[in-house]
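Heads up, the thing below is written out as structure tokens.
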Amino acid sequence: MSASALLTARSLCAGYGDFQALFSIDFDIHPGEVVALIGANGAGKSTLLKTFVGLVTIRDGALDFCGIDVSKTPAHVLVSRGLAMVPEGRRLFRSMTVEDNLRVAADHAGEPAAGSSPWTLQRLYDLFPILAERRAQAVENLSGGQQQMVAIGRALMTQPKLLLCDEISLGLAPKVIAEIYDMLPVIRQAGTAILLVEQDVSLASRNSDRVYCMLEGRITLTGKSSEVTREEITQAYFGVKHEVG
Amino acid sequence: MTSRDILVHRHTRSSRIAISVALLLVLSIPTMPFWAPSGQIRMIVELSCLIAIAQMWNLLAGYGGMVSVGQQAFIGAGGYSLFALSAYGGMNPFLAVPLAVILPTLLAAPSYLLLRKLDGPYFAIGTWVLAEVFRLVTGNLSVVNAGSGMTLRAMGQFTAHQREIGLTILCALLLLVTVGGTFLMLRSRLGLALTAMRDDPVSAASQGVNVGRMRFGIFVVAAMGTGLAGAIYYMAQLRISPGSGFDPYWSSICIFIVMVGGIGQLEGPIVGALLYFFATRLFGHYGASYMIVLGLLTLIIALFSPVGLWGLFSRFRDWPWFPVGHKLQYPR
Amino acid sequence: MKWVDAVIQGLLLGGLYAQYAIGMSLMFGVMRIVNIAHGDLVVLLALIGISLAAAFGLGPGFIMVILIPVGALIGWGLQRGILNHLVGNDPLPSLIATFGLSLALQNLMLTIWQADTRSLDAGPLAIQSVSLAGIQVGVLPLGILAVAALLTWGMHVVLKTTRFGRALRASAADRDAATLSGIDTKVVYAKATAVAVAILGIAAVFQAARTTVSPADGGAQLIYAFEAVIIGGMGSIWGAFAGGLILGVAQVVGSRIDPGWGILIGHLVFLLVLAWRPQGIMSRR
């Protein structure tokens, strides 16, 4: 594992109560990278993200962020260190306005990544102009795509070095998905590494540098998105004995 | 091996012993007037009422998911019904006891309909408000002697021995109906639905359990059992007043007994009632200090071991007294 | 005229109930916890205040200034020590825990202060009155109402515009998402309870000045707070205020009809609202 990695996991095991969901996960992501995490429903992708962010307890193994061990760090502290997540299902603050949703995150943000300019409300509104129009509206009145933009914006307002995106295409029309994915390079250029969880394999491969595949709580494939073949992905996605050490 | 080779047991050895012992004990209660001192009989009467009221609270909270801090509403209603039936209906009080259940039942239905709109904790306080309404109304009704309360004069026509026979029979019936009745109900299909509702109301509803109607039913049944116990308790006391019949302390007792004993299981309230009963006998004279300990114990149990003493015990040994599940025995 | 006077006196009593209700509404709205010991905390603070006044000869204003931080500290400790372990989807544990706490607290107060009733000497304020449109209105009750309105408005502003208010609303809407936005929800909850009980510190002084206080009073105060919240509508600070006023009016008007009926009429109005508009009078639903 490279010392300049942003986030590294080694032999990570985690679960809920009596149930173990993740088995010996090795993972890393570097500054400026876009990494995709694919796999079928129930493979453990969301659980892995929640474990990274501190919402699921780690049973065994190591997790480092910016070189520091974070296996026991509370989730809200991780956020201030620059690890943000756009959760599955968006989880916006209902009955609060768009602007309040963004402000909450800004209130508790950490220091921006070195050498990058901080995300401000104005920058966010430049990236997502439709949100500027609707800044005073309650978030439940927005369309699915607009809500997803608010969710991403909210995560960006915490000035993340690493942004975890959990199925941001879920429930959205293809046109809207394309609009949102067009924003990702802008976010990447601003200095934030991105981890994309997707069920749509081609969408994930097209928009990432490297890809990991999970099945039943284990990593079954890893490689450069441009080099990994269709067959390899299919086998890793659906399950032929092929574990990566 | 086919499914016909698998045996289904509904009892364990511990439960066969426990139920036999329990039945023997309950059936021996009516014999007590012939050999036991009056003091012990009074204790058994009080203990039986505590067990019954606690079981009903357990039914409400542990299975129905409805926490009530106002069951005293039905205790008082049951008690006052009995006294009124005896005083104005001229009925033999012992025969009036089953009829005393009518008023609590009639009050329970509209009470539930009013309160069901309230969320969990607010539902609880709502039951308290209702009990207070009953107390205040009763305290203002001159027909039941308002704040001074009533005396069960009709009991004067019986000798002490006759009173004891009547009371012990009623106690045995009370225990059979409340504890036995709940046990039988939980073993039935109704019980399955109840347990499902206890564990996850949404999933239960998705399986066809009519959660709303079931909760309504439980609320009314619990009110009936509580009213019955209230009638018997105040019959033994010979006196009732709004302050005692509708005393919020009844709720403190229920909560302590069921939470410390073990909620959501039949054995819990019995364990808890025994604990409370003997603890009060031993330490009750310390007054406020004793109550502080009761309150703190309730707090600690809620914080650290919400399953109560019986729940803790079941984790070590699976020796149920009242088994409500099914055990599979595979052929060797 | 007698009825107009009753309504005005009711509004003034309602100001006190509104002060009880704000804290309860806050705690339930943010954490979905109802603190059964809420009423007992008012009584505790009142008794502490009365004892301090007696021991050091302090006036009610001073006592209020002392009780606010004392209340905040008690609230903070209560949340961090006990209630934070019980926040979750199941309301049962916090209900039972605070019920046990209430029982213990009442009896502790009984042990320390005995069952005698006491009150706080508000000095000349207690009997001064002002003439409003021909009706004599006590200065103290007027002050209670004014403070209630001020607290409600203040809470409303805090929730809407401050960083703390946003964090509170976010934690109430979605706890995990709030954590992901960098909020330490445990601290937010503790602050919320601290605010709720600090307000009770203010209410305690008013209650002790207005009437007598005894250790067993907690249950009744809890019920009034609860009724105010439900009548006004859950989830709304102004609802808690309005509900308090309505309850106060119901009780005073009821007691004018018959002295023994005041509280009962209050309960009946509560049940009526529950039957006819259970979401509360000020609720938008």
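As written, the chain order gives the labels A, B and C, with residue 1 at the start of each chain.
As a working rule, a residue touches a chain if its C-beta (ideal position, glycine included) is under 8 Å from a C-beta of that chain, and two chains touch if they have at least 3 such contacts.
Fair warning: this is a prediction, and the values are worked out from it, not measured in the lab.
**Q** Return the chain pair with more inter-chain C-beta contacts, choosing between A-C and B-C.
**A** Looking at A-C and B-C side by side, B-C shows more C-beta contacts.
**Q** Indicate, using Cα centroids, the chain positioned nearest the centre of all protein chains shown.
**A** C
**Q** Starting from the Cα centroid of chain C, hunt down the chain whose centroid lies farthest away.
**A** When every chain centre is compared against chain C, the largest gap points to A.
**Q** Centroid of chain A to centroid of chain B, CA atoms only: how many Å?
**A** Result: the chain centres lie 53 Å from each other.
**Q** Just how far, in Å, is the C-alpha centre of chain C from the one of chain A?
**A** 44
**Q** Using mean C-alpha positions as chain centres, tell me how far chain B is from chain C in Å, no decimals.
**A** 33
**Q** For chain A, which residues count as touching chain C in their complex?
**A** Going through chain A, the ones touching chain C are 53, 55, 74-77, 79-80, 84-85, 87, 91-96, 100-101, 103-105, 107-110, 154-155, 158.
**Q** Residue numbers of chain C touching chain A in their complex, please.
**A** Against chain A, chain C makes touches at 163, 166-167, 169-170, 173-174, 176-185.
**Q** Show which residues of chain C lie in contact with chain B when the two form their complex.
**A** Chain C residues touching chain B: 28, 32-34, 36, 82, 85-86, 91-97, 99-108, 110-111, 219, 222-223, 226-227, 229-230, 234, 260-261, 263-264, 267-268, 270-271, 274-275, 278.
**Q** Within their complex, state which residues of chain B touch chain C.
**A** Residues 61, 65, 67, 69, 114-115, 117-122, 124-126, 128-130, 132-133, 136-137, 139-140, 248, 251-252, 255-256, 259, 288-289, 291-303, 306.
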